[in-house]
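Letters A, B, C, D, E and F mark the chains in the order given here, with residues in each chain numbered from 1 onward.
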Amino acid sequence: MRASFLATETTVRNDSRGVPYLSLKLVDRTGSVDARMWGKLPEEFLNETPAQAYVEVEGHTHEYRGTLQIKLDRLRLLRPEDVSEEDYLPTTELDRRALAAELEHAGQELQNEHLRNLFETMVSDEEFWNAFCEAPAAKSMHHARVGGLLEHAVNCLRIARELADLYPVDRDLLIFGSIFHDVGKVHELSWDKGAFAYTTEGRLLGHVVLGERLVSSYIATLPGFPEDLRLRLSHVLISHQGETEYGSPERPKTIEALLVHLIDNLDARTAMYVETTTNVSPGGWSHHENPLGRALYVPEDS
Amino acid sequence: MRASFLATETTVRNDSRGVPYLSLKLVDRTGSVDARMWGKLPEEFLNETPAQAYVEVEGHTHEYRGTLQIKLDRLRLLRPEDVSEEDYLPTTELDRRALAAELEHAGQELQNEHLRNLFETMVSDEEFWNAFCEAPAAKSMHHARVGGLLEHAVNCLRIARELADLYPVDRDLLIFGSIFHDVGKVHELSWDKGAFAYTTEGRLLGHVVLGERLVSSYIATLPGFPEDLRLRLSHVLISHQGETEYGSPERPKTIEALLVHLIDNLDARTAMYVETTTNVSPGGWSHHENPLGRALYVPEDS
Amino acid sequence: MRASFLATETTVRNDSRGVPYLSLKLVDRTGSVDARMWGKLPEEFLNETPAQAYVEVEGHTHEYRGTLQIKLDRLRLLRPEDVSEEDYLPTTELDRRALAAELEHAGQELQNEHLRNLFETMVSDEEFWNAFCEAPAAKSMHHARVGGLLEHAVNCLRIARELADLYPVDRDLLIFGSIFHDVGKVHELSWDKGAFAYTTEGRLLGHVVLGERLVSSYIATLPGFPEDLRLRLSHVLISHQGETEYGSPERPKTIEALLVHLIDNLDARTAMYVETTTNVSPGGWSHHENPLGRALYVPEDS
Amino acid sequence: MRASFLATETTVRNDSRGVPYLSLKLVDRTGSVDARMWGKLPEEFLNETPAQAYVEVEGHTHEYRGTLQIKLDRLRLLRPEDVSEEDYLPTTELDRRALAAELEHAGQELQNEHLRNLFETMVSDEEFWNAFCEAPAAKSMHHARVGGLLEHAVNCLRIARELADLYPVDRDLLIFGSIFHDVGKVHELSWDKGAFAYTTEGRLLGHVVLGERLVSSYIATLPGFPEDLRLRLSHVLISHQGETEYGSPERPKTIEALLVHLIDNLDARTAMYVETTTNVSPGGWSHHENPLGRALYVPEDS
Amino acid sequence: MRASFLATETTVRNDSRGVPYLSLKLVDRTGSVDARMWGKLPEEFLNETPAQAYVEVEGHTHEYRGTLQIKLDRLRLLRPEDVSEEDYLPTTELDRRALAAELEHAGQELQNEHLRNLFETMVSDEEFWNAFCEAPAAKSMHHARVGGLLEHAVNCLRIARELADLYPVDRDLLIFGSIFHDVGKVHELSWDKGAFAYTTEGRLLGHVVLGERLVSSYIATLPGFPEDLRLRLSHVLISHQGETEYGSPERPKTIEALLVHLIDNLDARTAMYVETTTNVSPGGWSHHENPLGRALYVPEDS
Amino acid sequence: MRASFLATETTVRNDSRGVPYLSLKLVDRTGSVDARMWGKLPEEFLNETPAQAYVEVEGHTHEYRGTLQIKLDRLRLLRPEDVSEEDYLPTTELDRRALAAELEHAGQELQNEHLRNLFETMVSDEEFWNAFCEAPAAKSMHHARVGGLLEHAVNCLRIARELADLYPVDRDLLIFGSIFHDVGKVHELSWDKGAFAYTTEGRLLGHVVLGERLVSSYIATLPGFPEDLRLRLSHVLISHQGETEYGSPERPKTIEALLVHLIDNLDARTAMYVETTTNVSPGGWSHHENPLGRALYVPEDS
């Protein structure tokens, strides 16, 4: 194996025989993996270690206490000016174009003409739609990757479509809300400087308010959009966190708002499990420190 | 309209003109509805009112402040010995036989032979299976009706089937868990004395422990059932409440346990919305006192 | 004493000698007081009692266990069609015109021309400004009276003015925010049907979002309003509840937002004390059931 | 059975046949019991019922749904001037003189001369000591009876004596603290007006502060009392509630303070169980509403 | 002083004169103590330090800021293959044989023949009984040492014996529950690999469920064991954590369950104090980071 | 720039080019600032770094990511015996004499002679008054500097004076309480050993109890001080934390107690904002770790 990564969380430790080794986390578009290096350590890492650096490594993967790791043979620092930051930003492995098409198709099939027009208006705003298809769904909790918001929206859409057959809901509102409940992330987060970060606007207003404001601004361009539909849609958007302590100024009070919250929660929490256990081998346990706040198990034969 | 009901929550109130009227809640197999009666009130109700009584009424439905009500013209007490209690116990309106068949079919399609055998063993225990198909899913929170546990299990199964395609799970374990996570309710609750109640066993051990114990007792009859599958299944059963404060001694730590909890929660909370707003008219609000702890809205045109 | 009131919370009780009496709460524009009536009780009240009725009473005030009460000699039901509901709606005793003038004056003195223009635009919208000067500050927690929002805004303004000298703040933003943090109440509540109530819009979006949206709509009419000032003002509005569990999607992160929250909280909680102890005599204790959630004491000689 | 009681919580209800009956709670020195009366109800109770009245009754006890009750044949109101209020105040059934002697003996056996002198000084203050031996341990939570504080102190002493052998503690401080941790109740509560009530001082300062202040005032009369012993004793007194949310300004930080808290908690909670289930028959369940906040079970054969 | 230890938490720090020294924690069977070493530091520790290593040291104890420490003169790494891991695992200093005999004797004295038989059956299962006498009571919270579960069980037994005289309880059930409430720890924890750790079974099911299941499996071998006694015993076992948030699916609802919980809590919390302050000198304070979550005080003359 | 500081939180890090640098926090009387040093690092800091050391530095300030920093050119260790510890203890920059005079003046203007006498008695106790004017208001939360308690008291006084005109309060009690609510800090904290620390008395009793005890001891020297005024004043002192979980054994139940709590809270929280953002440049954000528990924003043009 020979490849380049962004090296983070680098520290020097000693093994049980007292021999020093380098411990680091290697990040690239596909995710991250823990790595270790024994033998002659690179001089730059000897005294103390950089918080973050671009590196080229050679080595091979193996399993350690139930987690996949890379054992490095060689490691070389790259100069920041020699790398393209975006090559080291975690990015969805799915086909973003296909995911976007799935959403667009769902928008075209909405029966309610007002929601269909609203959907079309938003998708036609190229700058917005590109941002939506590029944004991460969160800074670190789940789907923290380029295209992550799109992945999350598609998953929520798929679940919503099934639930619309099970419960007495306004199908179009449920589908619209499932796709766009997190739309405020487009303004809450930035992803263009080699890392995912909160914007000042995002920290001061939050994605819940920013999302409702964004959708309202598109509605304002659509004459004849029914006031009560706007109210129900705004309610879906501002209540999707489910509880006030998670940042929704009101809790869900319509069935569509309730379901959008439950679908969002279901996909987000399941993604936390999947992403936390990516490198855990069968029969192994993850660390305690992850968004679900407990060690997670990957059974032997699942 | 002329029919007989179990009358509960009966009180005498005065209207805004100062005229006294009888306010009561009428319950039968199909659910419950509020009713009021003006004019000559039955003598038995004048001083104080019985907590609960079987009655025959005549009247007609109308809407009051966004909620369906019955205005009574006549009301007559029935003697307990003249009624069959079970006729007044809320009961699912769905075809229980068809629902049970859907579960049985899902059991037959399990690929894992151990889970398929376990499923078959449980379904073949006629006393158990009849109880499972008859039990309410709760005393009052959601699906509190004869056949309610069955309805809840079928809904969870349907959702689980879709999610098994979205996430990397052990499909069979997810489906088994979605159907049987609440199996302990069969022993936690009783429904044979004209009302839903907790058993002493249910109050002392709870449906979480009782369910795991019940499934374990069937597994004990199946030689060769893999120990690690039993462990993973027990974990799904005991963790399905999601958090320790809701009665799960451990939180979900496998993806199947996490999803069973999220599916259970999704169906239970949606049912709370639907059941709370049954008699609320479009544009109206429910009372605050309901399992979701907030007034719920039924939009004008949903 | 002879006057008419809205009678609420009416019940018949027996005194320590076993003699029945009528217990009720009398409400008018000036507030509410407990009353009792012995002797021949009005027939309408004998069996059961109306939730709410307009009455004419004769009687005299006295003190009972440290609380002011009225002992009634006569009581007569009024017909709803003979009363003007607004005469029985609690209403500020202060001069609303003078309070409004104080706010308007504060607006004219803002140094920041953008905030001054925004203020003037809002005050010039007669329908809005009349509603602001008429609205209660809450349904029941504090300043629940016609003109209550105005009273609360003036108090907050006065405190803000002093604090602007103590701390390094943007004085104009602090003053603007102190006056208008609760502006969303104008749409969250209704007060035109003989009672204070939540609107459907108020329950679905809440006064925090409605207030930010309202001010944003005025800003949209002001070309050249600086984007960063709008952001800081929106932050003040959406964060003024102080904590997410009280309905603010973000907590205060600027000193002006923090102070507006602290001023709002200070005036609201002090009003709760004052309003709860209105009829408590020196040396007496209020009931436990009040917005502060504890019995409150009025010292002998304070 | 023929006896007089204080009747409380009196209401008229109808039984399952629709027949009205009187439901009430009868209190005397020995505790309380539920009672019911069918047939010709006393006129004073027909329309509405007095909150509280002294009555003479005839009837017999029986069991109803697992709880002991009295079925009344006759009931007669007593005039307040014909009863001695203290005869109807719940009172310990134990020999208060013997309990006090047990405490006094423990005081004499203290090895630490300062604590022994302090103990003797307090017991020698006749007014204080009489109050201590008469006070209830709480208004309603546990040991709410004349002599209840004494009972609680003796129980805590007995437990403390055993624990002093198990753990490395300052035995004398532990014993002193176990006896006097709740001494502030003597000023927090009053019990001389036919009922247990909070004093104004009790509501404003609480028994935690009042107790520390009381003991400190006795220490102030003892020259040479070591400052560090006073500090450790004050810490035991102010921290005995165990957590700040239960009213202790600091949590226990010495082993004696920790043990006094744990002993207090153990005896108080066990008393809540015992007092709540007094009238529950074997195999029966108590109501949910009790200081432990859950229905309690009395097994068949315990 | 010259001895060998397991060295953990090793770091190099500088003293107030800027001189570097080695700071480490030395663990052996008897517990742990902080140590420091100045002068020529061992080379292996210079750059970075091993998480954990077996060492041989020479030095002498002294007091530093109220805590006992060891000042090392010499330190030498031992090779893992030259040590027996179990020599460095904290182990009770009490006579395990005597403690076990005390429990066995208590079992023989049970009056209830079913509980006595159950006790004898469990003790006769040599593998189980050896494990029970060897297991730690927790991974780190309290009694985290070989034989710790046994110590805890004996303490709880001794307290239970006294309380059985104070309160109206089923003495045998209380004693059985006090001894075996934590029996599930035998399967929840492992202690055979040089450290205390959670098993996979322990993490997925928890000691509460594992304990109830274990006792139930012994009961299953005893024909004629009364069903209601089994229910009451199971309730004691599953409710002993006291509150659902601490992992008990139901809270204690019988007096025996309540007392077992209170006794367990009392001994566990007192042990936390004792173990946290082991090396704290009179007049000194422990660190904040300990299971009780606050700095603990050891008085001057206690 | 050339000056001496107390250097804390010193670590060696590598920059993005992999070059090692020294990161440290420099503290003196005026506060603290972050600093960094590249180039030849002092030998004492190379392997590991001292927790705390007195240093002399040369360098210049610049802005880094919105926060002011110092870039060091030279750094030299000072020997502890060559410095005066108090020169490096953060100290108010205001004129302590003037602040004290403002308080004394407020005391002289009290109308209530008992409070005025009490005030004079306290101010006349030179040792106490010097301590009050020197003490920090907290160990680290807010006003953690010599003279900080005085600053906080003056701010609270100023706010109280304004509020006394807005609300129906006992002005003198409000003013006395606003000045002295935190008086117990004088005994809870020590500031004479080169750092702010808790005393043993402070940890065992807390400033709430110590403050009430201190004021009570002065009252005891004033014959004729009214008992009820003492009660109301004690209540203000012990309830000023507002909620039991913050260490007040009772919550505020009089308007003066409520206002003192609200004023204290307002000044403390505003100080947290101001102190946290001292070195943050316009448009920048503070760290998350601060007493308000969230990143704080300093707007561009405020």
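Rule of thumb we're sticking to: a contact is a pair of C-beta atoms (placed from the backbone, for glycine too) under 8 Å apart; a residue touches a chain by one contact, two chains touch by 3 or more.
Everything numeric in this text was worked out from a predicted model, so none of it was measured.
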item: Neighbouring chains common to subunit B and subunit E, by label; value: A, D
item: Self-contact between copies subunit D and subunit F, residue sets same or different by half; value: same
item: Rotation angle (°) superposing Cα atoms of subunit C on subunit E, nearest 5; value: 180
item: Distance between the centres, which are taken as Cα means, of subunit C and subunit A, whole angstrom; value: 44
item: Mean-CA-position distance for subunit F and subunit E (Å); value: 42
item: Centroid distance [mean C-alpha coordinates] between subunit F and subunit B, Å; value: 57
item: Shared-contact residues (touching 2 or more other chains) in subunit F; value: 200, 203-204, 232, 253-254, 295, 297
item: Chain pairs in mutual contact under the definition given at the outset; value: A-B, A-C, A-E, A-F, B-C, B-D, B-E, C-D, C-F, D-E, D-F, E-F
item: Touching residues (chain side subunit E, partner subunit B) in the complex; value: 200-201, 203-206, 208-209, 212-213, 216, 231-232, 234-235, 238, 244-250, 253-254
item: Complex interface listing, subunit C residues touching subunit B; value: 44, 47-53, 77, 79-80, 200, 203-204
item: For the subunit C and subunit F complex, residues of the former touching the latter; value: 155, 158-159, 162-163, 166-170, 173, 228, 232, 251, 253-256, 258-259, 262-263, 265-266, 269-270, 273-274, 277, 292, 294-302
item: Residues of subunit F defined as touching subunit A within the complex; value: 11-18, 20, 46, 283, 285, 295, 297
